[in-house]
Amino acid sequence: MTSTGVWLIGARGNVATTAIAGARALARGETDTTGLVTAREPYSRLALPDVEELVFGGHDIREKSLLETARDLSSSGVPSPETVDAVAEDLRRIDRRIETGTAMNCGAAVDDLADEGPLDDRLSVDEVVERIRDDYRAFRREHGLDRVVVVNVASTEPPLDDSGRYDTIDAFERAIAADDRDLPASALYAYAALVDEHPYLNFTPSTGSALGGLRELADDRDVPHTGRDAKTGETLVKSALAPMFAGRNLRVRSWEGHNILGNDDGRVLEDEANKAGKLASKGGVLDSILPGLEHNRVRIDYTPSLGDWKTAWDYVHFEGFLNTEMTMQFTWEGSDSALAAPLVLDLVRLLAHADERGEGGLQRHLASFFKAPLGVDEHDLSRQFALLDEYVDRHAREAAVE
Amino acid sequence: MTSTGVWLIGARGNVATTAIAGARALARGETDTTGLVTAREPYSRLALPDVEELVFGGHDIREKSLLETARDLSSSGVPSPETVDAVAEDLRRIDRRIETGTAMNCGAAVDDLADEGPLDDRLSVDEVVERIRDDYRAFRREHGLDRVVVVNVASTEPPLDDSGRYDTIDAFERAIAADDRDLPASALYAYAALVDEHPYLNFTPSTGSALGGLRELADDRDVPHTGRDAKTGETLVKSALAPMFAGRNLRVRSWEGHNILGNDDGRVLEDEANKAGKLASKGGVLDSILPGLEHNRVRIDYTPSLGDWKTAWDYVHFEGFLNTEMTMQFTWEGSDSALAAPLVLDLVRLLAHADERGEGGLQRHLASFFKAPLGVDEHDLSRQFALLDEYVDRHAREAAVE
Amino acid sequence: MTSTGVWLIGARGNVATTAIAGARALARGETDTTGLVTAREPYSRLALPDVEELVFGGHDIREKSLLETARDLSSSGVPSPETVDAVAEDLRRIDRRIETGTAMNCGAAVDDLADEGPLDDRLSVDEVVERIRDDYRAFRREHGLDRVVVVNVASTEPPLDDSGRYDTIDAFERAIAADDRDLPASALYAYAALVDEHPYLNFTPSTGSALGGLRELADDRDVPHTGRDAKTGETLVKSALAPMFAGRNLRVRSWEGHNILGNDDGRVLEDEANKAGKLASKGGVLDSILPGLEHNRVRIDYTPSLGDWKTAWDYVHFEGFLNTEMTMQFTWEGSDSALAAPLVLDLVRLLAHADERGEGGLQRHLASFFKAPLGVDEHDLSRQFALLDEYVDRHAREAAVE
Amino acid sequence: MTSTGVWLIGARGNVATTAIAGARALARGETDTTGLVTAREPYSRLALPDVEELVFGGHDIREKSLLETARDLSSSGVPSPETVDAVAEDLRRIDRRIETGTAMNCGAAVDDLADEGPLDDRLSVDEVVERIRDDYRAFRREHGLDRVVVVNVASTEPPLDDSGRYDTIDAFERAIAADDRDLPASALYAYAALVDEHPYLNFTPSTGSALGGLRELADDRDVPHTGRDAKTGETLVKSALAPMFAGRNLRVRSWEGHNILGNDDGRVLEDEANKAGKLASKGGVLDSILPGLEHNRVRIDYTPSLGDWKTAWDYVHFEGFLNTEMTMQFTWEGSDSALAAPLVLDLVRLLAHADERGEGGLQRHLASFFKAPLGVDEHDLSRQFALLDEYVDRHAREAAVE
């Protein structure tokens, strides 16, 4: 197998820390592969890079170390104190590879997190992009990696207005050259990846590679990319349940979702600007599966005492035969980072696989991982998994033919 | 379109009454097709008999009239008083077509329901079967029907011990001839249907056509049949949700389900003997989708004040990445009969369709309708719907070719 | 018994309509006293006016008739169609007694409800007050009533800023004379009641008689008054449950409450201004019982499909011995008007009782009925009931002595 | 303050271990008094023995050490690993003071727990009692204690049939002399305590001191005793909530409770015999507060993966004004031992207080702690707390007079 590097934007955040700690815990035999989608049949048949061999680095804008983040998470229960102890040395080593990034247009809530001035305080947009490209290249070179997958797990940005203006690669590059300070950080990181042919993954609702110009770039250079907003909790359940109502021709009248969470992601999402992006990707799932839905509201509230746990309460009011009104409710209580982290590892493995095989552009078979899968309209979880099954079948057949 | 009769075993029960009232309410423009699976795309493209044209008759063992049952149901909210008024005359007319059936081996709880002695009190098994066959034939003749679909919606029987002894059609017919009083009523009704080539539907967990001998008979005569135990509430949700846990490689440790319901079905299921059959078909769904499940319990309890409503509370304890323990709970509150009745109509339409086209034997594409689909191991709801989609595609292609 | 009139401000609203329909249904033997607090022991021992004898009239600002409102409510299930039929004639008769009121400072959401211009569009404040006083007096005279209890069940107003300026009766009366158009409608209705010695009940979170000036007036003239914001659903449950945590020295960290409702009250509360008053009275209960509470949020959202039903989901995160973190959740599903209406009747009866006995001023023993009981700091439901028990004991002892 | 010993029957069980670990953690400054009722106002004003000074010993029938039990509990989250480490030496020391007890009539499920033969395998009833008395006395003597409070926290026994035969102290003592092997272990432990004037606490639903003969003995010798079945979870919530329905004259039709738990208590309660006692004490609370309740069912099921956690789901179906049917549901998720352990310490302190002041016999003011409080019919939690408040007031007044 070829060697794979993982460059995490937001490397000191909860999702990144849990992904790194988890990969290292696996390497050290401290845990098993529960929760890793690529560890189960039939996906485990693909020739994917080993989780244990992944090499980590990344950008962040604050200084709180990986180990500190891990210990804080541990006080909410995940990872266990023993696991943190077992990987503490690894976390210290990886922490030294984290560089300062850009926080351009990430909003006031993110600015509050930043300890020292991010790159954009000091440099022109063009210089910021150059620094990021250098960071990616240096990481690859220093660790002798065959490829680097760039992953956005930074805080959610406010949505970008009028994104049509960056609809071509030309427009995008002209904006960089003109020091256009409306460009969002996530798009700069994504550009820096794609232009040098690093596969790119957007785990967040931020813009990332979704701009027309960046999709063009990925297609031109044949670089695999995927996103956006990983589907880990309430929305995952919705995408499994809503097709049941549709399948049985039950008319959902109202679907009310209320999420409470206590981590930094929740703190940033308290800011209405940052929350807007998240709500948009969460809302789309139901509207797509249940076109006649009268009322679809999602609330996200910050409840500090919950730490890294997220509780969602959903209330579904539906109508059946003879206009009978019925209800279903569910409560979901999950550790946000424990749900998200293995998907980061899954997606890195699958992007590396695609890159190795020259399968560039949007990765439609990864739709099951996302709330707003780029380039795919299908939101029914089972049908999304079917896309991945077909991908595996195709590769299995090709392997058999070879 | 050819004319279709529906012969309901348990014709005065809640499911039967709601199906009849619903079909007549549709015929009279009092309601719409919400909840009818065959009314939605793509299934609505099949050339199915119109619900409005179905002709009803049936067997029961008690005298409480259809109209009385409808009024009682109405006091639990479904159908509305206006709907009952609109179809009252239809119900009175259909009630006169209901004949006394057999309650052999239906258990003490069912014997308590019977007002006058059922057939088996007075006749040999052989005579009982003859009477049932006569009833089916008379119905067909008197109403000039092209076909009669026989539907078991009678109370759940206790499970049959040692069902292997009826594994061939010969063994089954020898047992009838020998007046073997171990034969369960549901199998006698099913035999009487299949032997005269009436399509047969088992909506309940009772034995019905599941015996080896009757499956052989259906194959021999090429009669379509299907079953068993319609999937309407908690189990339906399980079959939609459990694949999500499996898909994400989340390890479900315990799945606890607690159902409370207040109708006669609940009263009969209070009897441990009758309950055994129900629990068996409910339990299988999870064991099939989640092979590593440590603990899978389903409780069904009778709570009279709920009337025809069933509330289920399910508690799912699962483990994710880094051995994180998480939980999901749901509550489902539905009107049992409103959920079940449209499926009776759907299945009658689909069986008539198959019969018209000479598609005899087990109807595997109907698996999505059942908790324990005969001849199909697939319990994932989406994949079961895919079987029906393929069936429709096949017929659409054939129709296009013609 | 002396005859009692009930003058409802917001007489065509849901609570008023249900209270009237309920009283008339009781008078006509169509229902029983379930839900009426004063119908149970020991309160039933007080010499209260009969519900069946109450005479109704009121103000509103829209024209939709009582009967129309009742029929709309009935489509959400309460009262039943039969009940509405039984009292239809009563509702028509009472509807003719409803006069146009004032909507001063009730906010844009209420202005949207008004069909024709309310009084304040045309008259000076002073003239508005005179008209209201005339309406009360005419009602009393025309029906030969011994007393009229004035009840505010109008839509919630936005909270009043700087209410200190109306802290004396002089200041309040000077404001009227000066045509001060900051005065809220609810205070004008309350003033008009108290100045002519009609007992006054504020069922809503609006200002009503809570102003210093009006409390002074009530004391001066010895008129009984009480309020505010009846405790009918989620807050009622909180006031029963929170003392359990306090009693056991369990530390509640977060109490999250999410209410969804579909009636006009919900529609008005969608307006942030009107919602502010409601949230204030709801929030106080927990802060009083659980002084160390870290996080206390209440959300009220409008979900049209629910009609007159309100669903609340509450999530309680608490800490016990050895710093163990635990949770409790509840869901409450109630018909708002069915919960509120009997309390209107209870409070009218209890105010009439106090008035008859010359017990003027704030009625502290009625605290159990309110979210923000005027003049009482006790929010523990059981202790609030103890205040009413003591009141009954006192009257029972006095009666025994006589 | 005088020195107080705590002799725990079932000393190696979860409740005992958590109580001991908690007391020692407090002594070592590792935790705070959250969850201790006697640590809050106004109860903290009583002159109670310090938790930090309590001396522990006890009986058990199995050998698994306190430290092992603590480590197992810790893997369910409570106490934390750090706490266990901090008190490990204390646990080892106390473990050496645990003697083998009797398991007479504790049922097969308890016999399965026993590692070596309990006393009753080898000795006559009379000898068993003498051994127990010796154990109590030796503990008191060796540690120079002023008093020893004997606490039953052993596994729940099956209920005793025909308990009337032990209605006098004479009858009870004759039974011992006659080697009557129907006597339950809990009554032998209780007798041995009371006869030597050790205060006695029955934390479980087992018989203990509830027999007529033992109540007579306690009265004769003026020894304080209390019980039975501590109210820690679902039943606690019921006793707080049910009075709300009664207070508002809402008619509860069905109250359905489903408990799932995963510890040894749950394992023992899987045995129908042992479960019977538990269900009896749980059921009484609602029947007392809601006399018209139609349907009251409690289920307790064993779900191993939950470890020491207990989840209860309760569903309340009630009727309000105008016969409106409404529902409330709650889910309670608590650590059984963390909820129970502080109450053991509270009750020991309060019994020692009573004993010091010569307040023998049943301790009615402790009703709030129990599901089936001996000698008290009041089940409303707030009114039960009022009994304790009055006790404190009385002592405060007496102290002021002195």
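A, B, C and D label the chains in the order they appear, each numbered from 1.
By our rule, a contact is a pair of C-beta atoms (placed from the backbone, for glycine too) under 8 Å apart; a residue touches a chain by one contact, two chains touch by 3 or more.
Chain-to-protein mapping (UniProt): A, B, C, D = Myo-inositol-1-phosphate synthase.
In this text, all values refer to a predicted model and were calculated from it rather than measured experimentally.
**Student:** Select, from A-C and A-B, the pair of chains that is joined by more C-beta pairs in contact.
**Tutor:** More C-beta contacts join the chains of A-B.
**Student:** Quick check on subunit C against subunit D: do more than half of the interface residue numbers occur in both copies, making it same, or fewer, making it different?
**Tutor:** Same: most residue numbers at the subunit C-subunit D interface appear in both copies.
**Student:** Report the inter-chain centroid distance for subunit A and subunit C in whole angstrom, where each centroid is the mean of the CA atoms.
**Tutor:** 49
**Student:** Between subunit A and subunit B, what's the gap in Å when you average each chain's C-alpha atoms?
**Tutor:** 44
**Student:** Tell me, which residues of subunit D touch at least two other chains?
**Tutor:** 77, 327, 329, 331, 333
**Student:** Which residues of subunit D touch subunit C in the complex?
**Tutor:** These residues of subunit D touch subunit C: 18, 21-22, 25, 31-37, 39-40, 77-80, 83, 236-237, 240-241, 243-244, 246-251, 319-324, 326-335, 338-339, 341-342, 368, 380-383, 385-386.
**Student:** In their shared complex, at which residues does subunit B touch subunit D?
**Tutor:** 253-254, 256, 258, 260, 294-295, 297, 299, 301, 303-306, 311, 313, 315, 317, 327, 329, 331, 333
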